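There are two complexes below, and they share chain A, which is joined by chain B in the first and by chain C in the second.
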Partner chain A sequence: MRGRPNLHTKYQFEMGLFPSTTKRVSLVLLGVLALLLPLSALPLFGFLGDAGWMVMINRALIYAIAALGLNLLIGVAGQISLGHAFFMAVGAYTAVVLGGESGRTVWGLGLPMWIWLPAAGVAAALVGIFIAPTAVRVRGLYLAFVTLGLVFVGQFLWRNLGVIAGGPTTGRPWPKLEFALWKGMDPIVSFATDGPLWWWLTPIDWLPWVQIEEMSRHAKTYFFVLFLVIVFGLIAKNLMRTRVGRSWAAIRDRDIAAEVMGVAEAKGKTQAFAISSFYAGLAGAILASVVGRIIPESWNLFFSIEFVVIVLIGGAGTVAGVLMGTFFVVMMPRLVEEATHWLATQVTESGPFAWLGNVIIRSSPDDYLGIVSLEAAGPGLSIFQLNVVLFGVLIIVFLIVEPLGLYGIWIKVRNYWKGWPFTY
Partner chain B sequence: MGFVVVAQVVTQAPVERFLNALGSGVALGAIYAMLALGFVIIFKATQVVNFAHGGLAALGAYLVSYFATVSNIPGRWMGDISVTLQWTLSALLALAVMAFIGVVIERITIRPMIGEPLFAVAMITLGLDLVIRTTTNDLMNNTNQGLGDPWGVLVVEIGFFRIAQTQIVAIVVLLLVGLLLARFFKTRTGLALRATAFDQEVAMAQGISVGKVFAIAWGIGAALAALGGIFSSVAPRGAGVDPFTALIAFRAFPAIIIGGLDSIKGAVVGGLIVGVAEVLAGTYLGGVAWLGIGFGGVVPWLLMMVVLLVRPYGLFGTPEIRRV
Partner chain C sequence: MSAPLVEFENVSLSFKGLKALSNINFTVNEDELFAIIGPNGAGKTSAFNCLNGVYKPQEGDIRWRGKSIIGVRPDRIAELGVARTFQNIELFAHMTVLENIMLGRHVRTEVGWLAGGFWLGKAKREEMANRALVEGIIDLLEIQAWRIYPVAMLPYGIQKRVELGRALAMEPELLLLDEPVAGMNLEETEDMARFILDIREELGISMILVEHDMGLVMDIADRVMVLDFGVVIATGTPEVVQRDENVIKAYLGEELDI
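Up next is the complex of A and B:
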C-alpha cells in the first residue's frame, strides 16, 4: 500500500481518529506549536505569549469546549438549540455555589475544584436531560424557540436568585482554578497564580531561544484548558464515529427512518442534550472562574448566538471546523480593533493607506461617508458597535457564500492542491 | 375628554381593576399581534423565521421619529396642516420606506438562500438583526428619541375605565390592518401569496412569480414590524424609541409560537393572549414577593412552553407532515 495512503483495505483504518499520515504529522506539528505558544517561543509569533493575547487565546479555548458540545447537538444530532448560554449559566452557578465562599447574602460551600468542576458539568447535563423530552415532542424551528425561551427564563431566574448569582449589577466572585485536596488546604497546583507550575517545568532554559524564570497564570490556565480541549475534542470525535454518534446522525437525517431501523429517538435526543449540556456546564464554570466575576445579564441571547455562529462558521458536524470557528470568532474583535487603530495611525502619519482611513474613519461631523468613529459615544459606529455589525455581516456572508464554513474552505483548498496542476 | 395622567392613586374595586388591566392588555396584545402578523406573513410565504423583526421594528420607529420631529417630511411641503395629519403622513412615509427596506433585505440576503436548510436562513436573519439593531442604535445616538405623536399621554375616561388614546389607536389600527389584509388575500396578488405559501413549486408551475411574492411578503412584513415598533415606543409603553425598543420582538415571539408559526388567525389570537396574560400577571402577581422582579416578562415564555407541550405546532399552526 506504499504511496497510496488513501487506499483503505480495512474498515478500521478508515474509522481511525486520524486516518492519514498527513493528519498525524500536522497534529504533531500543531501540538509542538501549541506547547511553545505560551512560552513566547514561537518564531515570529512570540507576541502571542503576551498577557493580552494569552487572555484571548484562553477565552477561545474555553469557548471551544462549549462549542464542541453545541456541535454535537446541532451538527451531529440535528437539534436546533439557542439555549447554550442557559446551560453554561447552570454550570457556572453550580460551580459558584459548591466552590464559592459563602457570605451574608450569597450561598457557597467552598469545596475544592475537583468537586465543583465535574459537578458543574453534571448539573448542566441533568438540566439537559430534563429539557430533552421537549425536543422529542417539539421539533425543528419550534424547538429553537423553546430553547430561546430557556435563555429568557434563565436570565429572569439569575436576576432574582441573588443568593446564587449575587447582585444583578455586581455578580459575585467565582472560585479560582486551584487544585486542592479539601477546603482550607493549600492548593497543590494553582492555575490562577503566577509562579512555577511544577518543579521540573520552570525555569525553562532547555530551549536555546527561551529563558523563562516562572510561568504566568495565563500560561498555566492555557495548559489546563488546552488539556481539557484535547480530551473533550477526542471524546467528541470518538462519539461521532461510534454507535451513539451514528444514532444521532440517523435521527438528524431521517428521524422516522431511524426509528424504523431500531434507533431509539427519545434515548438519542436525551443523550445528545445531556452530553452537549455537560460540555456547556463545564465551559461555563471555567469561563466564570477565569473571568472571576460575571453578572447575571451576561448569559444572554447574544452569548448563545455566538456559539451557534461558531458552529456554523466553523463547519457543523466537524471537530476541526469548530476549533477553527472558535478562534476565528473570538479573535475577530481584537483584529478589528488592531486594524482600526492601524488605519488611524496611517491617517495621522500619512502612510500609504491613509486614503482608506480617510474614507472609513469619521473625521468631522459632516463626514457622512466615514462610518467608524474612534470615540465610544456620539455619531459613528464605535469599535464595539463595528464589531457587532461585522459579526452580523460575517454570519450573512458566510452562510450565503460558504455554507460549509471554514471547514468547507479548507476542504476546497486541500482538494485544489491535492490534484494540482489538474482541476480534479 | 382627555387630560394628562399624573399618578393613579385612587383605589379601585376588583372589577374595575380587572377591566382596566384587560383594556391595556388588549392594547399590548394589539402591538404583539401587529408584529406577529408581519412575522407570520413572511414565514408563510418564504418559510423564513425572521429574527430581525425587532431590529426592523426599532428602525421603523426611528424613521418616524426622524421624519416627524427632526426633518418634518413630508409636512414641510404641505403648508398649514393639522398636527395629527402631519404626523400620520410622516408615519406612513416611514412605513413605505420600511417596506422598501424589507424588499431590499429579501433581495440581497434571503433570495440567495432559497433551498438551503431553514435553520441556516434563520441564522442569516439573526445576523441581520445584529446589523440593523446596532446601526439603528447608532442613528438614534443610543438615547431616547421621542416620536412626536399627537396623542402623547392623553387618556380617555369612561366612568372608571381609563385607556390611553394611543392604546385605542393601536387597537383601531390593528382592526384596520386585519381588514386590509383580509381584502388583500382576496386580490390576485394575495391569491398568489397564498398559493406560494401552500407550495412554492406548484405555484411557480402556475405562472406565479415566486420571487415577486417573496418581495411583497417581506415588504408587508417589514412595514407591519415597523407599525408594531411605533406603537411600542409611544406612551404608555415608552417615551420614545431607544435601544430597548428592538427587544419588543423577543416578547412577541411567544405570541407567534402560541398562535402557530404559519397561521394569520393564530398571530392575532396569540398576540392578544400574550398581551392580556402579560398585563394581568403584572397587575396581580407584581406584588407577590417570591415571584421576583419582572415576572410579567417571562409569563409569555412560560405560557409558550406549556402550549407547545400540549400542542407542538401552536394553537392554529399546521402540523408538519413527516415522511420517512
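Up next is the complex of A and C:
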C-alpha cells in the first residue's frame, strides 16, 4: 500500500486516531523530542531546558488541558462559554481546601494529591452540571453572557470567602504536586522539588551527550503535566470519534434536527459542560499548585477570554489545533521579547538586520521611526504593551482571514505539498 | 385488529391567531405509503412537526400504535421509530457524510462518554459494527464516492440522499419524507423515486410523504390526504383525490381540465 496512505482495508485502521504511517512516524518523533526537551538534550534547542523556558512550557501544557476542555464545549458542542476561568477557580479552590494546610484564617484538610487532584476535576464537573440547564434555555451569545456572569459571581465569592481563597491581595499557598500515600507521610514521588525523579533513574547517564546529575523540579512537573495532556488529549479525540462526541457536534450544527434524530439535547449539553469543566478544574488545580500562590483577582474575564482565543486561534474542534494554539498564545510574548532584544543587538552591533531594528525600535524620544521601546517606561510602546496589541490584532486577523485557525493553515500547507507541483 | 401505526385525532395547532392545523384526522397503517399534499402554507410540515414532537398541538391527540405521544420529547419519539427528512436540508454541515449517517445510529446504540472516551472494547466493537451497517446504507443510496466529504460542500441532490440515509440509519418503522424531490431535475427525481420504492420493498418501512411533485405522488402513494389552510379537504386513493371537486378547486385550480 505504499503511496496510497488513504487506502484502508479494515474499519479498524481507518477509525484509528492516527490513521496513516506519516502521522504515526511524526508522532513518535514528536514523542522523542518531547522526552529530550527538559533534559536540555535537544540538538540546537537545548536552551529550552533552562528553568525560564521550562516554566513557560509547563504553563503552556497546563493551559492545554484547560483549552482541550473548552474545545470540547465550544468547538465540538458549540456552546460558547466565557466561564472557563470560573470552573478553573472552582477546581483550584477545591484542591486548596482539600490539600492545603489549615491555618488561623484558612481552611485546609491537608489530604494527599491523589485525593485533591481528581476531586478538583469532579467538583468543577458538578458545578458544570448545575450550570448546564441554562445552556438548554439560552443559546449562542446569550449563553456567553450567562457564563460571563459566572466569572463575576465567582470573583465576588473568592474575594469574600477568605477562609477558602486567602487574603484578597495575598491569596494562600497551594499544596505541592507530590504523591504521598496519606497526609503527613513523606512523598513517594515529588514533582515539585529538585532531585531524583525516581530513585532508579538517577543520575541519568543513559544518553552519552547528556550529563545530568539530578532532575530539576521544572522537568519533573513537565513530565507529569505532559502525561496528563497526552491522556486528556486522547480522551478528547476518542470522545470526538464516538457516539457522545457525534451527538455534541450534531447539537452544535443543528439542534432541532439533532433532537428529531434522537439526540437528547439537555443530556448532551449537560455532558459537554460536565466534561469540559472537569478538564478546567483539573487544570486550575495544577496551575495554582505549580504557581504556588494565586490571588482571587486572577480568575478574571481576561483569563477566560485567553482560553476562548486559544481555541479560536488554534482551530475549534481539533485537538492538534488546540495544542498548537496553546503554545502559540503562551509562548508568543516571550518570542516577541526575544525578537525585540535580538533586533536591539543587531542595531548596536550593526548586524545585517540593523535597518529593521532601526525601523521598529524607538531608542530615544527623538527617534520617530520606531514604536517599540526596550525599557518599560521608555518612549513608545513597552514590550508588554506591544504584546497586548499583538494579541488583539491576532484575534482580528485570525477571525477574518483564517477562521479554521492554525490547524487550517497547517491543512493548507500540507495539501499544497501533497499536490506539489500541481496546484490541486 | 391491532392499532394503526399513526392516528391523528382532531389535531389543532395555532400560533397566536394563526390556525396552522384545524381538526386534522387521519390514520396511517402498517406498510402504507401515505402522502400529504396541499398548497404552500397548508400545514403539511406543521403536521410533521407535531408528530415529531417539535410542536405541541393545543387540541386533539396523536397516537403511535394506540398510545398518545402528545408532550413526549422529540428524541423519545425518534427512539419509538419515527425518522424524518427535512424540506430545507437539515444535515450537520460540519460533519462528513459518514458521521452524519452514523449520527442516525444514535438511538440504536448505547455507548456512553466513559466507554467512548477511553475507547474501551465495548465502544470499539459498537463503532465497528455500526460502521459496517452504515456502509450498507451508503451502498444502497449509491453515495460511496462522497462518504468522507463534509456535507456542506456536496451538491444538493446528494445532500438529499445523505439525509435519507441518516433517517434510514435509525432503523425506523415510519419514515417522514418532507419534499424529498423538491428542486430536483427529472433524472434526480427518478433516482429518488427508485430509492423510495427500494426502501419500501427491501426494508418494509411505512412512509408519510409530503410532496409538490404531483406526478410522483400519484405514482407511488397508496392514499393521499389534501390539506388547504390547515383543513383536510379530501382523503383517499390517488384516483379518488384527483377527481375530487374541492381538490381541483383549491389545489390544482379551476381552469385545469382533468
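One rule holds for everything that comes next: the second predicted complex is superposed on the first by the 411 of 424 C-alpha atoms of A that agree within 3 Å, B and C clash if a C-alpha of one lies under 4 Å from a C-alpha of the other, contacts with A are read in each partner's own complex, and residues count from 1 in each chain.
The working rule: a residue touches a chain if its C-beta (ideal position, glycine included) is under 8 Å from a C-beta of that chain, and two chains touch if they have at least 3 such contacts.
What you see is a predicted model, and the numbers here were worked out from it, not measured in a lab.
Looking at the shared chain after the overlay, A:Tyr142 reaches chain B, while chain C stays out of its contact range.
Of the two partner chains, chain C is the only one that A:Glu265 touches; chain B does not reach it. Within the superposed three-chain model, A:Gly103 lies out of touch with both chain B and chain C [touch as defined at top]. In the superposition on chain A, contact of A:Arg159 is made with chain B only, not with chain C. When the two complexes are overlaid on their common chain A, residue A:Phe391 makes contact with chain B while staying clear of chain C.
Shared-chain residue A:Leu381: touches chain B; no touch with chain C. Looking at the superposition, the partner that touches the larger set of chain A residues, chain B or chain C, turns out to be B.
When both complexes are overlaid on chain A, the residue A:Gly292 reaches neither chain B nor chain C.
In the superposition on chain A, A:Arg254 contacts both chain B and chain C. By the touch criterion stated above, A:Ile305 is placed in contact with chain B alone, chain C being left untouched. Chain A residues in contact with chain B (one complex) as well as with chain C (other complex) are 254, 256-257, 260. Contact residues on chain C toward chain A in their complex (touch as defined above): 52, 54, 73-75, 78-79, 83-84, 86, 90-95, 99, 102-107, 109-113, 115-119, 123, 126-128, 131-132, 166-167, 170. By the touch criterion stated above, chain A contacts chain C in their complex at residues 11-12, 15, 234-235, 238-239, 241-247, 249-250, 252-254, 256-265, 271, 275, 317. The part of chain B that touches chain A in the complex is made up of residues 49, 109, 112-113, 116, 118-124, 126-131, 134-135, 137-138, 141-142, 250, 253-254, 257, 261, 292-295, 297-298, 301-302, 304-305, 308-309, 312-314, 320, 322-324.
Residues 80, 134, 137-142, 144-146, 148-149, 152-153, 156, 159-160, 254-257, 260, 301, 305, 308-309, 312, 377-381, 385, 388-389, 391-396, 399-400, 403 of chain A are the ones that touch chain B when the two sit in their complex.
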